[in-house]
Amino acid sequence: MSPRHPTAHRDPIDPADIDMSAPLGARLTLPNPVLTASGCAGYGRELHRFTPLHELGALTTKTVMPYARSGRATPRMTETPSGMLNSIGLQGSGIDHLVTDELPWLAEHGARVLVSIAGERTEEFAETAARLAGQPGVVGIEANISCPNVADRGLVFACDPDASFAAVRAVKAAAGPDLPVYAKLTPDVTRITDIAAACTEAGADGLSMINTVLGMAIDTHTFRPSLAGVTGGLSGPAIRPVAVRCVYQVYAAMRSGTLRPVPLLGMGGIASARDALEFILAGASGIALGTALFRDPSLPLKVRDDLRETLARHAIRSLADAVGLAHHQPEDDSRLRRTPV
Amino acid sequence: METRHPPRTEYHHVPPTQTVAVIRRIEPVGAYHRLTLDAPAAATADVRPGHFGALAIGGPTSATLLRRAFSIHRADPTAGTVEFIFAEHGAGTRALARHHPGDTVDLIAPLGTPFPLDGGPQRAVLVGGGYGSAPMATLAEAILARGGQVAFVLGAATADRLFGVAEARALSPHVHVVTDDGSAGERGRVTGPLPAAMAAIDATDVHSCGPMPMLKAVTTLATAAGARSHTAVEEAMACGTGLCMSCVLPVTGPDGVTRFLRSCTSGPVFDGTTVRWDDTGTLPADLEGAAAMTPYAPKETDPA
Amino acid sequence: MSPRHPTAHRDPIDPADIDMSAPLGARLTLPNPVLTASGCAGYGRELHRFTPLHELGALTTKTVMPYARSGRATPRMTETPSGMLNSIGLQGSGIDHLVTDELPWLAEHGARVLVSIAGERTEEFAETAARLAGQPGVVGIEANISCPNVADRGLVFACDPDASFAAVRAVKAAAGPDLPVYAKLTPDVTRITDIAAACTEAGADGLSMINTVLGMAIDTHTFRPSLAGVTGGLSGPAIRPVAVRCVYQVYAAMRSGTLRPVPLLGMGGIASARDALEFILAGASGIALGTALFRDPSLPLKVRDDLRETLARHAIRSLADAVGLAHHQPEDDSRLRRTPV
Amino acid sequence: METRHPPRTEYHHVPPTQTVAVIRRIEPVGAYHRLTLDAPAAATADVRPGHFGALAIGGPTSATLLRRAFSIHRADPTAGTVEFIFAEHGAGTRALARHHPGDTVDLIAPLGTPFPLDGGPQRAVLVGGGYGSAPMATLAEAILARGGQVAFVLGAATADRLFGVAEARALSPHVHVVTDDGSAGERGRVTGPLPAAMAAIDATDVHSCGPMPMLKAVTTLATAAGARSHTAVEEAMACGTGLCMSCVLPVTGPDGVTRFLRSCTSGPVFDGTTVRWDDTGTLPADLEGAAAMTPYAPKETDPA
């Protein structure tokens, strides 16, 4: 342990004594901070063979729209250094299917479900959200506003503060008072705090960061783009520094009072408890695993348990106490001083 | 086109296991590598021909994140081993080829929908292209064990890319070998000897594994001859476990609706007549949900 | 070779017959397309021990400002998956030092030099550029507008079309008619084509893409940001898909006529001839090696020579013919058909 | 503070070579690993104590890109080998520790500015902390070969992190050993026995390699005793070859101006009295060019 370590003076505590619960706003506390990222665990059935869903903080569903969507032609995926590009194109069977066939199964298996929704128009967001109130197992909605807006000639909602505001407000109104709404942001913007501000002003209960980074690859044998969709979303450890920066910037803006404070869900390249802790220290109250599940579908419980061990080693009694610690100067770290050990 | 044999429907899903497997042996076979893993948890009697395994290659400092899928050549519950035959293709398989006995890889197996073995004894032609021959020996054994009959058509670009010829000859008197360049067997494609092979055993079934154009051609011939055609497809996979949706192809369901199905869960073995071969790599307009893709023209900023 | 390969029908040609020259606008053609990226080879002396500078297409200098700059405190660097973060902070001795001590040495060693310049105000860009006209060995100026603009409360020039326009126009005016000016863009914007448009309208002779991606890392032992500068620039293969996408988007806009066509310099994670070709197919007329030099200072000649071999294998007689090929549909590929073999 | 011995100025720069080196041996030494590379091109008579090598670890699928710097323990021109002593620290060194003889690493060596050997025979105390002792045996040999005298102070946290004690004893009767926990030698820091060691040989020079606080403390003691202090510093390096500017520290020049100098080219060995030890990791206001950092308050969007 380095001498600069903020908790170097404290004795480790028993992992069993760590409070791993993740407070995600007034209407939602999860038993642990480890979620799956949307689109990286389908509707849970396949992952359940490796990670019992009730052990997760929550399962975030593949983004669902009001109707079935075929998704894009193949190739839809290509590997890149420490990352991958995908252009799945939001393939899914639509909200009816989710409500009828998936949510009951998920509830039966004890999953807490964050339903990721999207639309091509603001109204489609609302239409989808309206179907979710009171559904079994559903603990919240993630509004995937990182998708193209037909009314804005295909510009991604989350690239524009006004479109973001409209979509989030519509979802809030449709979801009713009980379901917290998280807005999922794209990093592909000049100032992510502007979009975060639009979402929190529209009433978002929290923010998810980040969606994939726009990228592309070219097949140097065929001389054509590697993905049928030409561009795709970059994910995996390659983008982790970008994701940590986004979470840090938004949390910093909230700390400084320029943004209404709401809980953050951090994601982007998390592949270990160390990585998860990086997001928590940056300001995330919960974290989601995406691409890493493709390599290791058993990862969520490892991350959860290793995170608990790590907190114990650092004598941090509660996960919530670790949130945002990287923003504290060692000398002014009242939060650490306040934690009794 | 007349189908004498109704489509088979029983598919055998078994729960996959994830294990850190130790490499027992890794050795060249022609242009390929034979990889034998110690993986008792995966090497169960539940493994069926057509099942595959998905390997994570490299440790925590590896830049290649995704799993690599390989047909299970043979799983031996007694020895606790699982064998694969793999070709060096890109970064991951090249790195795998540099592994040594004692090194570990993370294995998830068995995965996918294997070749169907139901519906009474089959008289089946097994068609393998290149490393696509890997699952054919155990498939033959399973068919023979159920009282069926088998013939083989094994093809490859060149002699060193032929696999399993000796094993095939030990299992059947009907073994046809073809290579593109004539360096072994007849010069030509598997479709050359296929009609004769089907005729020789009055085939009820044709099972094939190899490149997509081969699977399509085999299905056309088999179907024309009234045999069922089951094809093990190869689509680029990121996970192999059904999570990512990258491995889809257009498959027509019993309801007549075509959907993008995942080849790692609904496949890799599909009834060849249900696959829209000519539409792979495209977005057919009549696909379920295809209309939802078109309200806006695809934008370059269009994310996942 | 795949059947989809556009040149599959053609016989390979002798590598010695490949024209490797890189036309970079009306006033600049380099003997080969391999440059160093700014800040990744200093002023050339250290690299020269591994790669004779005259063999490079050109050396891009570390960004130089009108005055000496200390750069940031350490730690200035941290490794990330397939990448690194840096916050060097433009350390340098200033334009006088460059002109007096470095350029003569570079000219003496036969280097073609692209001088990267920056300022904290538009006038500082101009002031630096004005010193370069007529200097020995200088073949062009790269305006590193991916740096903070004091007049705009520290907002990066290249994040704002107006600031970009002003800086580039000032550099053009100061540089005089003989030195081509490349504007170096940051990918950290909502629409890079908007910035590209501002730069080309201001008279840029070319565009360099991309500078680093804003990121950060947190040390999970000390609980503090890994870099003294908190955030830093992400570089290396991790960002290659982002860089290829930027080059592709801007080239596409030029092809479609919405942007004035100028040559592009591609950079971001190039570590092999394969990677270099990816940028060329996307639309780059030249490429630069940055972070990869830290791993392999002998890389430039390998990339140049392997690229030549690759073009020969694909029967592409001239590097210039490969530029932008990923935009051509195989069937409508008049450029390939026009190339005689 | 009185300096009896004027600062030394001769530094020995030799052109580094880059080679794909084959691992001849890799074996544990206490808590460390001894790595012996076949690298004839680097193992020349030009290698001096204090030179370092920079290793690229892992092949094309490695996610760890940057070079790792290690002091050259010994270069043997006859055998064509270069030896390093390394500790497992992060991802790269952990991966290196899993390498086997026959594996390759890309080596650039010799790099940096070595310990000065000029100015007539030295009476030098060599101070090594942990693996910082790696260059000390060859440094002693070189000083002895030039007619000088040596004493050693070797320290570490624990006994298994002490390096080179036997070699030191073979070279000098004056060898002091300390550990933080007393598990070997005296309990304490290298600064404990340093005055006695200096007195024993009436030291003209103190050469040290180890953690920064140690180098600072050693410089203070040596300087107070009128000896020259040369310190091999350890700053995080991305390239080791002078390209990246990540490895800087504030060093005051003969002109009295403090600048950020690269420890991979101007160092790693610096005259300890020129290093602004207390200002490492900060941006001293009087640094050349520091004023240019302040016109705008540092922004989070501030790039490289």
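We just call them A, B, C and D in the order they show up, numbering each chain from 1.
The criterion applied here is as follows: a contact is a pair of C-beta atoms (placed from the backbone, for glycine too) under 8 Å apart; a residue touches a chain by one contact, two chains touch by 3 or more.
Computed from a predicted model, the values in this text were never measured in an experiment.
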Worksheet, complete the sentence: The chains touching both chain A and chain B are C, D
Worksheet item: Roughly how many whole angstrom separate the Cα centroids of chain C and chain D?
Response: 35
Response to the item:
For the pair chain B and chain D, the C-alpha centroid-to-centroid distance in angstrom is 56
Worksheet item: Rounded to the nearest whole Å, what is the centre-to-centre distance of chain B and chain C, using the mean of the C-alpha atoms as each centre?
Response: 44
Worksheet item: Between chain A and chain C, what is the gap in Å from one C-alpha centre to the other?
Response: 34
Worksheet entry | Numbers and ranges of chain D residues touching at least 2 other chains | 60, 63-64, 91-92, 300
Worksheet item: Mind pulling the chain A residues that touch 2 or more other chains?
Response: 81-83, 159, 188, 214, 230-232, 236-237
Worksheet item: Should the pattern of chain-chain touching be classed as line, ring, star, complete or other?
Response: complete
Fill in: chain B residues touching chain A - in the complex, by the definition given at the top
15-16, 18, 56, 60, 63-67, 91-92, 106, 108, 235-236, 238-239, 241-249, 259-260, 265, 280-283, 287-290, 292-293, 295-304
Practice prompt. Report the residues of chain C in contact with chain D in the complex, numbered from low to high.
Written response: 39-42, 45-47, 49-50, 62, 65, 67-79, 81-84, 86-94, 120, 146-148, 150, 153-156, 159, 186, 188, 211-212, 214, 228-233, 236-237, 272, 291-298
Worksheet item: Along chain D, where are the residues that touch chain A in the complex?
Response: 63, 300
Discussion item. Looking at the complex, which residues from chain C come into contact with chain B?
Written reply: 81-82, 237, 249, 252
Item to complete: Using the touch rule from the top, collect the residues of chain A that touch chain C in their complex.
Response: 1-2, 4-7, 80-83, 85, 159, 188-191, 213-218, 220-225, 230-232, 234, 236-242, 244-245, 248, 269, 274, 277-278, 281-282, 310, 325-326, 328, 330
